[in-house]
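Labels A, B, C, D and E are assigned to the chains in the order they are written; within every chain, residues are numbered from 1.
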Amino acid sequence: MAEWLDDFFFTYETLIHGIGVHGLLALSMYCVMAVGQLSLGQAAFMGLGAYTGALLTLKLGLPFYVVLPASAFVPALIALLIGGPTLRLSGVYLAISTVGLGEVLRVIYINFESLTGGALGLSGIPMKASVSLIYALLLIALIMFWAVGRSRIGRAMEAMREDEVAAGVMGINVPVYKLGALIVSAMLAGIAGCLAAHSSSFIGPNEYGFETAVTILSFALLGGIGTPLAPVLGALVLTALPEVLRPLADFRLVINGMIIVVAILFLPRGVLPLRLRRSA
Amino acid sequence: MSDFLSVSGLRLSYGRTEAVKGIDLEVRQGAVVCLIGANGAGKTTTMRGLSGLLKTAAGSIRFCGEDITNAPAHKIARMGIRQVPEGRQVFAEMTVDENLSLGGLQVGDSADFRRRREAVLDRFPRLRERLTQHAGYLSGGEQQMLALGRALMGGPKLLLLDEPSMGLAPLFVEEIFKIVADLRQDGTTILLVEQNAQAALEIADHAYVLESGRITLEGPAAEVVNDPRVIAAYLGDH
Amino acid sequence: MYRSLRAAALALGIASAATVPALAQDTVTVGAVEILSGPASGYGIAIKSGLEMAMDEINAAGGVLGGKNLALIVEDSAGNKDQAVNAARKLIGRDKVPLIIGPTLSNEMFAVGPVSNGRKIVTIGTSTTAAGITAMGDYIFRTALPEADVIPVTFKTAKEKLGVKTIAMMYANDDAFAKSGFDSMKAAAEELGFEIATIETFGSKDSDFSAQLTKIKSLNVDAIAVSALVEPVAGILLQARQLGLPETVRFIGGNGSNSPRLGEIAGEAANGLLVGSPWFIAKKDELNQKFVTDFQARYNKAPDQFAAQAYDTMKIVAEAIDRAGSAESDKIREALLATDHTGVMGPFKFTEGRDPASAEGVVVLTMQGGKFEIFE
Amino acid sequence: MTTLLTVDSLSKSFRGVHAIRDASFDVTAGKVHGIIGPNGAGKTTLFNLISGLLEPTSGTVSLNGKDISALPPYARTQLGMARTFQNIRLFSEMTVIENVLTGMHIQLHTPFWRTLVPFAGAEEKQAKAKAAELLELVGLADKALTRSASLAYGEQRRLEIARALASDPKILLLDEPAAGMNPLETQDLAVLLKKLNERGITLLLVEHDMRFVMDLCDQITVLNFGKVIAEGEPAEIRSNSAVIEAYLGPKVAERLLKEASA
Amino acid sequence: MLAQQLVNGLVLGATYALFALGLTLMFGVLRVINLTYGFYFSVGALVALWLARSVGLPIWAVVLLGGVAAGLVAVVVDGVLLTRLRRTKAGELPSLMVTLGAVLALYSLSAIWLGTEIQRFPFDFVDSSAFEIGDLRISLVQILIVCVTFALVGLLFVLLHYTRVGLMIRALAENEDTARLMGINVDAIVIVVSFVSGLLGGVGGVLIGLNFNAIQPFMGETMMLRGFAVIIIGGLGDIRGALIAGVLLGMFEVLTASYISSSAKEAVAFGALVLTLWFRPTGLFGRKEVKRA
């Protein structure tokens, strides 16, 4: 029985890692969407975290408890830098300018070969992200978001999402909240990237582009953003889906796409349409 | 019973909010009927319901013997009910000429079209001067003329005028009402929503007073104009 | 049908391993992880075809271990390293295969290698030509000849037979495979004392190369070395001719150019291109002729080197299982090290480092009229 | 008599169209000040300029002597200004009480992690008590946990007022608070607004219902075509010929004035 | 070399502009960032390829029919995906997402059906001759691309500004409700706009497929990011902007590759995009005011 469990765990270890990491990414997306913004830059922040983490581990041999916070710090710094101008933008513009960030970073990874390994990426990253660490962080993030969501801050965020103008009139400092949300989401994506790098031993420059950004967005869209649990559920479904649909071979992507279509058309609030209860 | 425009039991809502709560209304051919009432009383909502922009929640609308309840807006427009929307809504990025062409889409590039265009330009000489200008650069009064002219291009059987004097300088207000009076003279049927009650009642045959989505007063315009309730509604107790 | 149902049940976690019977006692099952969907699926499908054809031949000839059938489970990686790892884990943990062929891309191998090596499962790349693959661990093999072995042969031939002195180099800088090939090219060029006039890069999905080629044209080089997959290489050849680059300027390709697709896409524009290959479709030996004929008959298209390498690899694996006398990973590993096989690619042995032992079989091919022929 | 809010030579134009031209007036602390004018006179634009949703083309707005023209809306709220909207803008997904609590945003300071500790949300508890009081005041106490979108129209208007009050404003801007209400609701509203005024809140309101305005306001500013055409106490305004003309046209104005003088 | 590089830049830029035309029209009128647009590009090329190979039609017919096929696909896709969202006025985010899911499914389906290997037109399908002036070479296909791009921009301009349908399209773009009041059947105009956008995308696919000889289902996907950059730099919904931004971008890319470094070429589009959004979020030619939050 133990052996069976061991095999089971071995078989699905990457999947289990993946669900945890994607859960964190879904929360980072949630964080931006919770203030009514749309970012397609979460993949870029993830990549920054992954490269920061991998480089610090490989080149400087720093311990993981130093590496992990550092890989949250670097994306946060970039978010702060791009935050100012991009937050003036709304909707589609912000989304596309954050896609631009991802592409610019990709070009940098490819061209700074001596540091990033160029197209070959970085391999041999030690597997330091254990399942327990990933899920502990996911749990902490969930609890934090739940707490924030229930607090006056969460109320302010929901107000912004519903009506930015009215929220401003309520005395909510809308730009600061937006910037704060972007920074926190960048940190979270950075941590997720670092964990992913330290659980798959290899990272490359092409992993954090448009497609990944869209995947992260679809976690939140499928799950919904009524509660922090919903995007995580979305991540779970969409991460497990390719494995569940493995027997369908070629048709997996077709089904995957159709699920997104159907979810948007018929489940506009996601599969978990609940709303965080705040007032009892 | 008039067989021109008759509305019965009309209810209209925005989402969950009911703005018009079951009204009956009649417009005889060739008449000018005005709908007055305070802001938020449901006048504009009624207009949007009649032109098909808003789906009716209940009740029926008949026009020229046909049931047009919930007919699509473009069909209603093609049947000859032309609305001049509140706030004019000219196509700001198009020229005056293009705006007029849009009004006369159904007659296209025909002799009829050219005749109507000439008639409108004769009626509004200012528009002729500004034919190639973008509508967005016209003054408020000119835009209102354009909106009226655009509706007239469609050869309306029934003209729905929503607050034509809104935000206009007095000189223009006067001019607009003169035009409405002219149109009446020419036999155009008009349903008029107005803030400027006196001016509206003066040219109207019949009037309805709308309050909170219900019709509270109805009668020949000459009677309504002297009803103390109307004055009170506008200026408070006097 | 049964297999897909079973797999669905597994993935859904409805059935547990304890209740699913292992495949019948009289089969030996090996796994493969290849790209079967998505934009790069052409390579994986070719490899799958080669593997399956070899497997059927082996089974028709009596199977392995004295009569057991050889079976193959091919999992799709879609070209995504996470899915490649998931697929490998599924093969190891669920299907309990002792050996995995693949994955298709070097990138995927870098992610899968540490996992399968950690579980002591033999993993053989048939198409992973990047440097450093086999250094990942004792259980990682490859039958693909690394670019580092093939390129010097091609370059040397170009120098000796064509008198090439100055070259321009182009590569897809966002593609690990192309970059790795380029590194080998650069090393070989420096070794041979070529003058490198310029190094130009492009994106692997680009379709316009006119800027780079115009620049190269103005530099009057003897040859242009290109490292990329076949699609961009074909595009480069077509545009080079459009821009009026003289035919005397030879193109030298890496592993990616070694595909019949090149002739199909680029046609006459590919004339004169040089490429080193461990395998050549028109090789005259009987084994190869039979392989090409059978493959053509079975799949209704000509095999490429990916199919050929996969075909040989399956045969090598079957022999190793027989020599090992058991389907255990450790024993197969030992037996593989003693491989001495003659396949469609020629004689084959592994080095101590589990790479192909010799580049002797490398032939330099040139493209003429849309077809490869031996360069003489 | 101190001046709380000063609007000084304020102008705003959109694409060359002048919505507000050189408007100036003062709002005295503790008074109810009305702004009236026909449709399209620029009242809502004026409100948006005062509350910071629009930036003026020229001119200034000062609150308590401090120039706030360049401040974003949230900063004006922090200085003691609150407003409601003509086309009700509630947070429709939220419950009624949550809407009010959102209005208290600037007074709450508890860090979010306190929600994690059981029985530690003293401030939130106080806030809820205060919110409940405000709901009581506007007559929505029994609807505290209802989703705000499902309230009736008049209730939504009252909730918007409660939400605006939650920030403890010195001055409350009401954009057509009685619009769409029936006479009974309007009366209740007038009573409520008087009560607020008695508590020391200065009110600035735009309204169409004249009876309502005349009853309630201490001071009235009349706007037409973006310009201030009259200013004064209700009685003065009522007999101001320019005002009557703006509303009812010159003929009625003439007649009414004759009647008055007769 | 400079002359040749300028020609290269013009042709590359024209391909960008050609691709961006339909995308910007779609956004300008229907207010949707439609990610399935890249798929119409692929459809045009694939249909044209099939017609050229199996039916043996001449080049002009292939370009036209490829475009028409793509237009029809666009109408169907729009009808199935977006009608519902448009009715409920669902906003741009859900529309974006729904086209995202659809495009994933559509690409995958066509890849299953047609394979992912690169295909090309028959070798003798186009005249591969070229004009030579000294060192400068301009091929017929290149001339065709540039001419068709400018012609299509011109035609689109004429369609929008000098025809009744164009008048209706512009009215819809400005104000849907008022357009209805003019008696315009908005649903029909939406179909027309979808068709024209799809047609433009399809024609782009055929021509670019002819020039670069690399046709496969995913070809539109790779163009999509570049297309975004072009329409945002040019101003969303602005046809003239798309033309100018496309050509400029192509020029800059080619000149960067030839005089700075080919590895910096990739960064040009997104560098320009970021700069545009930073300093002029409405694009070079966009006019609408940015809302104040």
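Operating definition for what follows: a residue touches a chain if its C-beta (ideal position, glycine included) is under 8 Å from a C-beta of that chain, and two chains touch if they have at least 3 such contacts.
Keep in mind the model is a prediction, meaning the values are calculated, not measured.
Trainee: What is the graph distance from chain A to chain C, where chains are linked when they touch?
Mentor: 1
Trainee: Look at the interfaces B-D and A-E and say which one is made up of more C-beta pairs in contact.
Mentor: By number of C-beta pairs in contact, A-E is the larger.
Trainee: Relative to chain A, which chain's C-alpha centre is the most remote?
Mentor: The chain farthest from chain A, judged by C-alpha centres, is B.
Trainee: Going by C-alpha centroids, which chain is farthest from chain D? Tell me that one.
Mentor: Computed centres place C farthest from chain D.
Trainee: Calculate how many whole Å lie between the centre of chain D and the centre of chain E, each centre taken as the average of the chain's C-alpha atoms.
Mentor: 49
Trainee: So the centre of each chain is just the mean of its C-alpha atoms; given that, what is the distance between chain B and chain E in Å?
Mentor: Roughly 42 Å separates the two chain centres.
Trainee: Could you grab the centroid distance between chain B and chain C? Build each centroid from C-alpha atoms only and quote it in angstrom.
Mentor: Each chain reduced to its C-alpha mean, chain B and chain C end up 75 Å apart.
Trainee: Considering chain E alone, which of its residues make contact with at least two other chains?
Mentor: 108, 111-112, 263, 266
Trainee: What positions in chain B touch 2 or more of the other chains?
Mentor: none
Trainee: Among all residues of chain C, which ones touch two or more of the remaining chains?
Mentor: 37-38, 173-174
Trainee: In their complex, what parts of chain B are in touch with chain E?
Mentor: Residue list for chain B touching chain E: 51-53, 72-74, 77-78, 82-83, 85, 89, 91-94, 98, 101-103, 105-106, 108-109, 150, 154.
Trainee: For the complex, give me every residue of chain C touching chain A.
Mentor: Residues 3-5, 7-8, 11-12, 16-18, 36-38, 75-76, 78, 81-83, 85-87, 89-90, 92-94, 96, 107, 110-111, 114-115, 119, 130, 132, 136, 172-176, 178-180.
Trainee: Where on chain A is chain C touching in the complex?
Mentor: Of all residues in chain A, those touching chain C are 1, 4, 7-15, 18, 106, 110-111, 118-121, 123-124, 127, 200-202, 204-207, 242-244, 246-250, 252-253.
Trainee: Contact residues on chain D for chain A in the complex?
Mentor: Touching chain A from chain D are residues 51-53, 72-75, 77-78, 82-83, 85, 89-95, 97-98, 101-106, 108, 110-116, 124, 127-128, 144-145, 163, 167.
Trainee: Residue numbers of chain D touching chain B in their complex, please.
Mentor: Its residues touching chain B are 15-17, 38-42, 149-150, 153, 156, 176, 179-183, 208-215, 225, 234, 238, 244-245, 247-249, 251-252, 256.
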